[in-house]
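Should a chain be cited, it is by its letter among A, B, C, D, E and F, assigned in written order, with residues numbered from 1 in that chain.
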Amino acid sequence: MNHIPAKTALVVSAHSADFVWRAGGAIALHAAQGYNVHIVCLSFGERGESAKLWRKGAEMTESKVKAARREEAQAAADILGATIEFFDIGDYPMRADKETLFRLADVFRRVQPEFVLSHSLKDPYNYDHPLAVHLAQEARIIAQAEGYKPGEKIVGAPPVYSFEPHQPEQCDWKPDVLLDITEVWDKKYAAIQCMAGQEHLWEYYTRVALQRGVQAKRNIGITAKKDIIYGEGYQSIFPRVTENLG
Amino acid sequence: MNHIPAKTALVVSAHSADFVWRAGGAIALHAAQGYNVHIVCLSFGERGESAKLWRKGAEMTESKVKAARREEAQAAADILGATIEFFDIGDYPMRADKETLFRLADVFRRVQPEFVLSHSLKDPYNYDHPLAVHLAQEARIIAQAEGYKPGEKIVGAPPVYSFEPHQPEQCDWKPDVLLDITEVWDKKYAAIQCMAGQEHLWEYYTRVALQRGVQAKRNIGITAKKDIIYGEGYQSIFPRVTENLG
Amino acid sequence: MNHIPAKTALVVSAHSADFVWRAGGAIALHAAQGYNVHIVCLSFGERGESAKLWRKGAEMTESKVKAARREEAQAAADILGATIEFFDIGDYPMRADKETLFRLADVFRRVQPEFVLSHSLKDPYNYDHPLAVHLAQEARIIAQAEGYKPGEKIVGAPPVYSFEPHQPEQCDWKPDVLLDITEVWDKKYAAIQCMAGQEHLWEYYTRVALQRGVQAKRNIGITAKKDIIYGEGYQSIFPRVTENLG
Amino acid sequence: MNHIPAKTALVVSAHSADFVWRAGGAIALHAAQGYNVHIVCLSFGERGESAKLWRKGAEMTESKVKAARREEAQAAADILGATIEFFDIGDYPMRADKETLFRLADVFRRVQPEFVLSHSLKDPYNYDHPLAVHLAQEARIIAQAEGYKPGEKIVGAPPVYSFEPHQPEQCDWKPDVLLDITEVWDKKYAAIQCMAGQEHLWEYYTRVALQRGVQAKRNIGITAKKDIIYGEGYQSIFPRVTENLG
Amino acid sequence: MNHIPAKTALVVSAHSADFVWRAGGAIALHAAQGYNVHIVCLSFGERGESAKLWRKGAEMTESKVKAARREEAQAAADILGATIEFFDIGDYPMRADKETLFRLADVFRRVQPEFVLSHSLKDPYNYDHPLAVHLAQEARIIAQAEGYKPGEKIVGAPPVYSFEPHQPEQCDWKPDVLLDITEVWDKKYAAIQCMAGQEHLWEYYTRVALQRGVQAKRNIGITAKKDIIYGEGYQSIFPRVTENLG
Amino acid sequence: MNHIPAKTALVVSAHSADFVWRAGGAIALHAAQGYNVHIVCLSFGERGESAKLWRKGAEMTESKVKAARREEAQAAADILGATIEFFDIGDYPMRADKETLFRLADVFRRVQPEFVLSHSLKDPYNYDHPLAVHLAQEARIIAQAEGYKPGEKIVGAPPVYSFEPHQPEQCDWKPDVLLDITEVWDKKYAAIQCMAGQEHLWEYYTRVALQRGVQAKRNIGITAKKDIIYGEGYQSIFPRVTENLG
């Protein structure tokens, strides 16, 4: 009996919650479609995106913050149906050396993703985000090279999508894909609620999903007409190859 | 017995040969997939794109040029498997009044296209091309309006794609879709050969197709790996709505 | 006793509801600050933005639609504290001849606005919107010319701002101003509710205001820290002249 | 004895003084090199760029303004060594019908220019300027078409350059050519002084020339090192074809 | 008796003279308005912007050059009314490690600036300039993070402005703010004259100030009409938050 | 007897074959015109662009791959008439430290190039390419600085051109120069054939040359009309300084 291996996807997240706000719908949706979705969290967002924990005062330490954020991220990944690993390379500022690059290239080789999700190419509010997507892109290129660990199976040219940054226009981010996440919204919102320290963002990203849902409905043809409520926007970095324009 | 109506597509071409060079593959491919593809030729390219005919000298007249170009375009459409109509609004310069706009809006209502193909938004070498795509876009908007000919069936929001201009970088045209037209290349090349007066372009657009084919192969993932030889590039004007990023 | 004339502002709206969704906060806010704000509605949006009315069926006529939309727009302007006039030049498609241009230039001369609000420069979903802002800009230029109706008081160079389109990224609209409209939100929402036929947009634009409010809080310095809940985004077309960068 | 006809150039100026401020150096320089340079002034700038004349009060009329501006422009052209003609199509707003387009296309055919100078593609301060360059570009395209007045000698594809607008960055104008006009600066400044009504611009454009001169010196290699004092900036609309990159 | 602390501003300058040419007016103006303006000079410009000193020949050393440039910069800062410190991280090429980043983040925390001035994001003529503004931006982000030196007072989100590079269009720098520096021009010019080794730039930047002054006058409304002679241009990196558009 | 030194040019190539595909025509053409053209290969492309060699299996080693690629590159340079040196800094990923930067700056000083050729500023498919052009640009800046190795002859400001990347539109590369390489095409094609391991690219880049040749013919004026068959496209990074626009 033949076994067809599941399709896979890779998400590269700068901080421990980014993949939830920005790509939680895509993760849950593709997991529901049978994809093995794997998430790499480059850092826990311990310095820059854990304000509420730090405000607890002097007893708080970086390792406590990291542990708390790891737990939340793991719980969110579980809800979304994805696996997750943590590179723990630090944030604010994030820096990536060659070792980290090769580590991520090795993930690409292991996962052999059908598509990749990461941050926007530009974000004047957050320098870790562009670094993450650039790292993901360069790792993808390394993983394509026959001369890197010769003999290993190289990767193809999976499409890469930038998920939505916090202030999209200021990041020159322009979605060319609107993903209908209506059927998995409950999972995304459950994952969002794992982020106990960032409650102020729960409703913000609910509204983002509603707006993208309305916009999705405004961009479909007659035969596609259906009930979309929640959406996520993505910007393609590469052209897509297809046999149908409909 | 139920009848599922065929899906449809609409191509808006400024001159009588544009749809062949730039979208012949997409037309043949979707026709082969069962789409009813309809082409609107706004002009015959009688003034600006019929140099060889005019060089025949004094006996040549505009109506003779038009007749010749119409015949070629009809033959090409036949080969590609599409229907075609001619608005005959003149070229070099092309101008469109409200009547032409409504005429095209009515075509949108009649055809109810799943997708639309037209020119690039900018072309410093050819002012008729941007006019054609702007006309197509505005006609699409009119056809969406409940208050235009109230009671008629309005159109949805079909995606619009710009096909490839002659000098793509100078037109700020950047393909985000690469269409694999390998299986219909013979039809496209047969249609190209209908354009007797523009033989200098036959090999030019063959090379375009080969280059886009190579590029398509460079933009696909592992599971999609297949033999692409000929391609056509398209630039989306609107975001696409989807449930899958793979 | 000296009388200092009130400052003034001018809003140029393509359709009868645009000024409400997109600039209702700015209008109410400046009215509350003592500005005389004047709105020009170029059309009633009778064809393209009155779907609910048209769906009432055969008894509906264009003049009934116009009357209904005029009433709503007038009510909204009253709530916001602005004056309004209707050019009634038609929509879908909107076209403006020289007469309309001069009519609007005359409004500029009469109002002598401190600033001008209108649409985004680009909108692939709506061709009337860019036309409106281009008309506004050209009318402003005519009104600055000494040789147009020589002897009349010309206008200065008031800043022009593009208000937010429905799908901001698709319109290449990038806000460089975030206006705090928290204190007048109740008025804006009351004006929004005048638009009986477009109830689906009420919550959409409430969410827009909440998102812009959150973003505004993310873009202020220490001393400016205050409670912003609702915002409106604007894109400046001209550089602003100032004596303070703080 | 063979006669080699002089090379030619064409300048399309929206108003009667534009060619002086923006391209006076190029005109004088190429005239000095033996080119026949021909200027088309589409209008006299009678409404929008003749403020000082209009401020003379009620005795001033449009025909007096035009006559004064014509005289100045003719004097400037004489100094620069160019021929000039006036289309007198009006300004503020400028509008061009098909007849004007064909009239300009006929100038292209008659002049057979080696290169063309006109305005920037965008100018939010002045809508006549972009109209002029668009008209020039479309006329060039018409003049290239074999089917326009068949039998006449068509034009080639002469490069088109946008000269410098008043506020370059606001017009998204970016010079890719810096022309050394040092040796003809005296002529340009003499031509500038013909514009009696716009004395406030004399020193403005002198400073522009000095800045472009300094910038030119900053963009030359070792062997080209020479004494440049005055410059003019141009933006190419088309790629240049060459056999040398040095 | 209550003491209201002075507002503050921070200027990050790659080389020792950049803040003078590019932001001297803003510094003097805000100092005159009561701001405490603090300048960080990342380097002395000892290698790349001290040509005249180096041309003195073999007796010149890097430490002599640095001392001379420091003295000039200190004198200029004194005239402008600002404090200054020197990071001395080297130039041509400038490189910044994490230690430098944290050092600058600590300055942000100490100064708590209302606004920040630095270089343009791009400069093909000078790679130290973009590095400086990127360093400033990342330091600002670090200084905002609760997890960086927890317990310290974090900074808000002060606006950041790019001052004018030497060849503005080539740097894709587009001013959206024109600052009227007429009343402090004498101070700016006095500070400029401290730069003994770069006399060729004195008149260049005087002309820049005059051009920006003229442009400022072209961008103001009726009630703002006033006598502006000298200006400085700035490009905002973030949207401004305001309650008034007039 | 006076000796006029030959003009020189510098090519900075990330991998050992880039200069052939992308600039082989320019190299051969200028060599034929008497230029001394010098090529710096930063790496051999041993990891990322030597797939065919690696596929030979386990006996292949990095040093064997390098030796093979060096030989090919040397042979190609010989055919084109250029000198070549290899920095051997590694590829996939390429990284450049200060030592490499200074080494390249020293090449600039030694060569004193009239112009410089390197990669496009952006390339999402290949991160070594942008690194190479950025390194070239920064080295050029260092070589211009009087304070770098004081006393040495500094370089001027030679123009820098980006040659054509593999997928031009995806790299936002837009040619503004089309170089006629017809007369040296045989040399370029002979050099191309040295790249034994990349035979799939031979016809790809032949087609590129043919397309650029056709486009060149479409961008020339009457008097320049001549027979161009093969071309290469270049994008200027700096404005060119000239005394003639024809």
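Keep this in mind: a contact is a pair of C-beta atoms (placed from the backbone, for glycine too) under 8 Å apart; a residue touches a chain by one contact, two chains touch by 3 or more.
Every value quoted in this text rests on a predicted model; they were computed, and no experiment measured them.
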| item | value |
| --- | --- |
| Common touching chains of chain F and chain C | A, B, D, E |
| Fraction-based call for chain D against chain B, same above half, different below | different |
| Inter-copy rotation, chain A to chain F, in degrees (Cα atoms; steps of 5) | 120 |
| Chain whose mean Cα position lies farthest from chain B | E |
| Equivalent of C-D within the choices A-B, A-F or C-E, defined by over half of its residue contact pairs recurring | A-F |
| Centre distance in Å when chain B and chain E are each reduced to the mean of their C-alpha atoms | 53 |
| Mean-CA-position distance for chain F and chain E (Å) | 37 |
| Overlap residues in chain D, where contacts from two or more other chains coincide | 125, 170, 175, 215, 218, 233, 238-239 |
| Chains that touch, pairwise | A-B, A-C, A-E, A-F, B-C, B-D, B-F, C-D, C-E, D-E, D-F, E-F |
| Chain B contact footprint on chain A (complex, rising order) | 7, 9, 26, 29-30, 33, 35, 112-115, 117, 155-159, 161, 175-180, 215-216, 218-225, 228, 233-234, 236, 238-246 |
| Chain E partner contacts - residues on chain F that touch it in the complex | 98, 101, 137-138, 141-142, 144-148, 150-151, 237-239 |
| Chain E-touching residues of chain D, taken from the complex the two chains share | 125, 166-170, 172-175, 203-204, 207-208, 210-211, 214-215, 218, 233 |
| Chain D to chain C touching residues, read off their complex | 46-48, 50-51, 54-55, 58, 60, 62, 65, 92-93, 95, 124-127, 170 |
